[in-house]
Amino acid sequence: MIAKLLKNREILLVGAIAVLLALIALRFPAFVGPSNLARVYNDTSILIILALGQMAVILTRCIDLSMAANLALCGMVAAMLNAAFPGLSIPLIILASMALGTLLGMINGTLVWKLDIPPIVVTLGTLTIYRGLIFLLTDGKWINAHEMSDAFKALPRLDLAGVPVLSWLSLLMIAVMFLVMSRTPLGRAFYAVGGNPHAAIYTGIDVGRTRFFAYCLAGALAGLSGYLWVSRYAVAYVDIAAGFELDIIAACVIGGISIAGGIGSVAGAVLGALFLGVIKNALPVINISPFAQMAISGTVIIIAVAVNARAERRKGRVILKKAEAV
Amino acid sequence: MKPAITLEGISKSFPGVRALSDVSLALYPGSVTALIGENGAGKSTLVKILTGIYQPDAGVIRVNDTETTFPTALSAARAGVTAIHQETVLFDELSVAENIFLGHAPRNRFGFIDWQKLNADAKALLLRAGADFDPTIRLRDLGIAKKHLVAIARALSVDAQVVIMDEPTAALSHKEIHELYALIERLKAEGKAILFISHKFDEIFRIADRYTVFRDGTMVGEGLIADVHQDDLVRMMVGRAVDSVYPKKEVKIGEPVLTVSGYRHPTEFEDINFELRRGEILGFYGLVGAGRSEFMQSLIGITRPSAGAVKLDGEVLVIRSPAEAIRSGIVYVPEERGRQGAIIGMAIFQNVTLPSLAHTSRSGFLKLANEFALAREYTSRLDLRAASLDQDVGTLSGGNQQKVVIAKWLATKPKVIILDEPTKGIDIGSKAAVHAFMSELAAQGLSVIMVSSEIPEIMGMADRVIVMREGRIAGRFERSELTAEKLVRAAAGIEAQRNGRAA
Amino acid sequence: MADAQLSPRNIPDRLEGRGARLMKSWEALLIVVATLIFLGNSLASPYFLDPWNLSDATFNFTEKAMIAFAMALVIISGEIDLSVASIIALASTAMGYAVQLGADTPALVAIGLGVGLLCGAVNGLLITGLGLPSIVVTIGTMSLFRGLSFIILGDQAFTGYPESFAWFGQGYVWWVFSFEFTLFVLLAVVYGVLLHKTNFGRVVYAIGNNQTAALFSGVRVARVKFTLFLLTGLMAGLASICLTSRLGSTRPSIALGWELEVVTMVVLGGVNILGGSGTIPGVVLAALIMGMVTFGFGLLNVPGIVMSIFIGLLLISVIALPILWRRARRRLAH
């Protein structure tokens, strides 16, 4: 029973986070107080939303390196819309940001689906293109806090039943993605396409089309995160979230999502993101330079992938039947 | 009686190959039609056209007398055609129930997948297929036979009028095969049209009502099973008399070359002892999954045995990698040609010289002239048909690819050559060339181990046969005492008199 | 069986001559593109054809190209190394640290190359020893190696490199030919020979096309792959020496994002990202093209980020166009 529990990646990860929190709590009990944990969760919300999108893509044996650039472009467009039309309602801006993100995801998806270009090449290309477009749009100028309307900046912080909207939104996305992944044909198709693309065709699943939708989903979530990022930090410029694509992939890898496709879960993606979030927030508390965060994430990725690989290693076919051994 | 589905004048070509030309087939409700033909005769292509994986270049498909097309796998399923495929095309990471219902899962009124109903329905379908296990376990935890039963349950899950079974009994045990027969009888009674593809004549005569024979992509005969004799079917299949196919040469067998003693592996095989002599062809017979390939691969260092010793020409060898095996003079021509044998994407000559680069090159630098010479020497001995030696191996037919793979191994000038299913999936002409060459090698003093699941091949070629079952040696036979029945009994573990003869 | 059928048929070595094969190759297309860009640049700016200007222009690709050669081999073998830019950062940081302790130029070179090799060995061990996928491992080491630089440097910088060290990034071997450009040409020849003329190169192709079959054919797959990761590490160390010498300082953000540019260069050079095919001449041409485009845009005062859009578009279109072209031709044939 215990051995079986230990094989479950999600439970293993919950354990790892608990141990991490316990170690921090030994010296700094305040860190594990409910209000601080809620703060850590809130701080990790955007990473969680992005990791959910990346998870869908990785499940189908693809990868999206352009998510952070997508986020930056959508965030910039949201900020520009707000600066140009301060009266425009915020939900409309969020929708516009998500629509643009979906469109950018559709471009990735189309190139992968219709032209059969390897996903890593496609998103490597669109990563530079999307970020370059921000520069073309703005000429390299920043949009600062004073150019944004108060409503635009306030929404993520808005308190609803003691929890900020940012946290609510990430919880909502977790719920939506959980429903999509476990209860819709599309969600199951993600698993099928990544687990065995050859068999998926026989099952009547269009592999390319499924991948296309995974990219659209990742794009939409990146678009949402774009608005959240820009409004939360109250600034938009070309380089926001630069390099964040690797954190997203790291969260997925730590969460046990197999880079070879077909294996992974919503819970895994969320826990992987939270693991990184806890480390990031704990470093200043335990007096380690924030500069150490990068090296720590790197080490954690390597350990996570080594652990995943051991769990995934197939046991060989057992031909000998010991019971009737001569 | 009106056919449930008819194919008329179907043709299909792939670059360089005409897989089907002007083929017709009709399947009748409540009747089992056996599709018979050698590997490469076009059976798989036909199945893929029937299930919407391939589109025919010409011809019409009629379902209940209305002309239709199957542009996707889904459209074929909607038209009531379902298939149980040769290789289990399923998803290891998903649950058994989901494997059964993927693509047409039951939904609740909000449009979401209804897992409770799905699991319950799956359980019922499994029972119908004669399998009683929990549908919520992950597929990867099942053995191959149970996976096959899941595939059958999947076929039952669609309300199909036409059921295609592509070698459904290949991986099943005796008991399971009999349960499958019972299931087929039930499906017949329900009025389903069944297309049954098999290489085993005994089961064809047992359950089929009609037959259709394919050869080289054309239909060469059809009719009622009751009106035909097994020999006629074989003649139609191969297009010539069955005797004289095996060019076995009488060879004087010499001293022992390879001695294997006490080879064992924790999970795959145990207690393997034998001797291989100069000029001998030693056959290894057994059912699929008897541990023959696993043992052979441990002999060349792909996997490590937990105990055991090998002597070659009287000297004890320790082989830790294929590179060391090649250097000692033991080579292995693997069963899975596409995955382990040929390097698709590289030229013929580069394939042939890969294990021999140390001999064709000079101080690490390639010498193309030497490579072409070596490749020419060995490919011409095997009668390779190709446009040029720098052609991509992937553009060759299966038989010619196999010749390249065998040439690759012979070019290393081995003392012992292990051929694992050397004629699996290749055309008759190439098969004959491989057999002729094998005889010639033995005559020249090479020692050959031939792993084969085809009884005629074993009986036609081997001087001595070792039968393996469940990872152990289950029988040893000299050529003089060899009968098909003895082989089958040893391989299946049947002790007493049981009847499995053809009709 | 008739004897005529058994007698060996004569199969030619090759159907097409060298010329015909070259005409149809990716490299031919790259030569055309390079020529067009060269002509375009000469027409667009009067400063382009000046030999010293051209010589300056080589600095924007030589360091990346050194890594690209080794990366080409890694990608042909079916793997990838995304940690190269971080290896540059770590090697540079190590050299900067050594300078503070008073190391001289030969010691710095040894440290730069040594750290590169060590990082390559770490990658190689994780990938071949533990059998982990290279894309994830090198994303991890990418964070780890640069993260170590950040731990050592924070937001500081190392400067004060000895004067003689400046020669690697700023010195000239003869006339307009810089040390870096000379090294680039030399390495192009070395890697060209290694990949196309040696057993090692052949084995790299074999692994990339079918790793399992290569293993069955007696290729020591793990050993070859380990060597390839050592090579990319070594080349990153070498590039780090050149770049650090050229800049005269080390910050932890040095060479940020280079891994993507190096991979772009390799793919643009016609190396299949899925492994199995590609050539060194192709990579050389791709390096020249990317260098000329950057330089040309620079002369026209186009900002660097626009240039990166162009590289991104180039990357996708060079792969997409042949696919679209093949498809259109097939449609016409019907």
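Couple of notes before you dig in:
A, B and C are the chain letters, set down in written order, and residue numbers restart from 1 in every chain.
Just so it is clear, a contact is a pair of C-beta atoms (placed from the backbone, for glycine too) under 8 Å apart; a residue touches a chain by one contact, two chains touch by 3 or more.
Keep in mind it's a predicted model, so treat the numbers as computed, not measured.
Relative to the C-alpha centre of chain C, the farthest chain centre belongs to B.
In terms of C-beta pairs in contact, the better-connected of the chain pairs A-C and A-B is A-C. Chain centres here are Cα averages; for chain A and chain B they lie 43 Å apart. Centre to centre, using the average C-alpha position, chain A and chain C are separated by 30 Å.
Residue ranges on chain B touching chain A, taken from their complex, read 51-53, 72-74, 77, 83, 85, 89-94, 98, 102-103, 105, 111-113, 115, 140, 265, 267-271, 289-291, 294, 470-472. Only residues 80, 126, 130-133, 135-137, 139-148, 150-151, 153-155, 252, 256, 260, 263-264, 267, 273-274, 303, 305-306, 308-309, 311-313, 315-316, 319-320, 323-324 of chain C touch chain A when the two sit together in their complex.
Looking at the complex, you find that chain A touches chain B at residues 179, 182-185, 188, 191-192, 195-196, 198-199, 201-206, 262-263, 314, 316-321, 325-326.
On chain A, the positions that touch chain C within their shared complex are 63, 111, 115-118, 120-122, 124-129, 131-133, 135-136, 140, 238, 243, 246, 249-250, 253, 259-260, 289, 291-299, 301-302, 305-306, 309. The residues of chain B lying in touch with chain C in their complex are 300, 302, 321-323, 325-327, 332, 334, 339-346, 349-350, 354-355, 357-358, 361, 364-366, 372, 376, 379-381, 383-391, 408, 432, 436.
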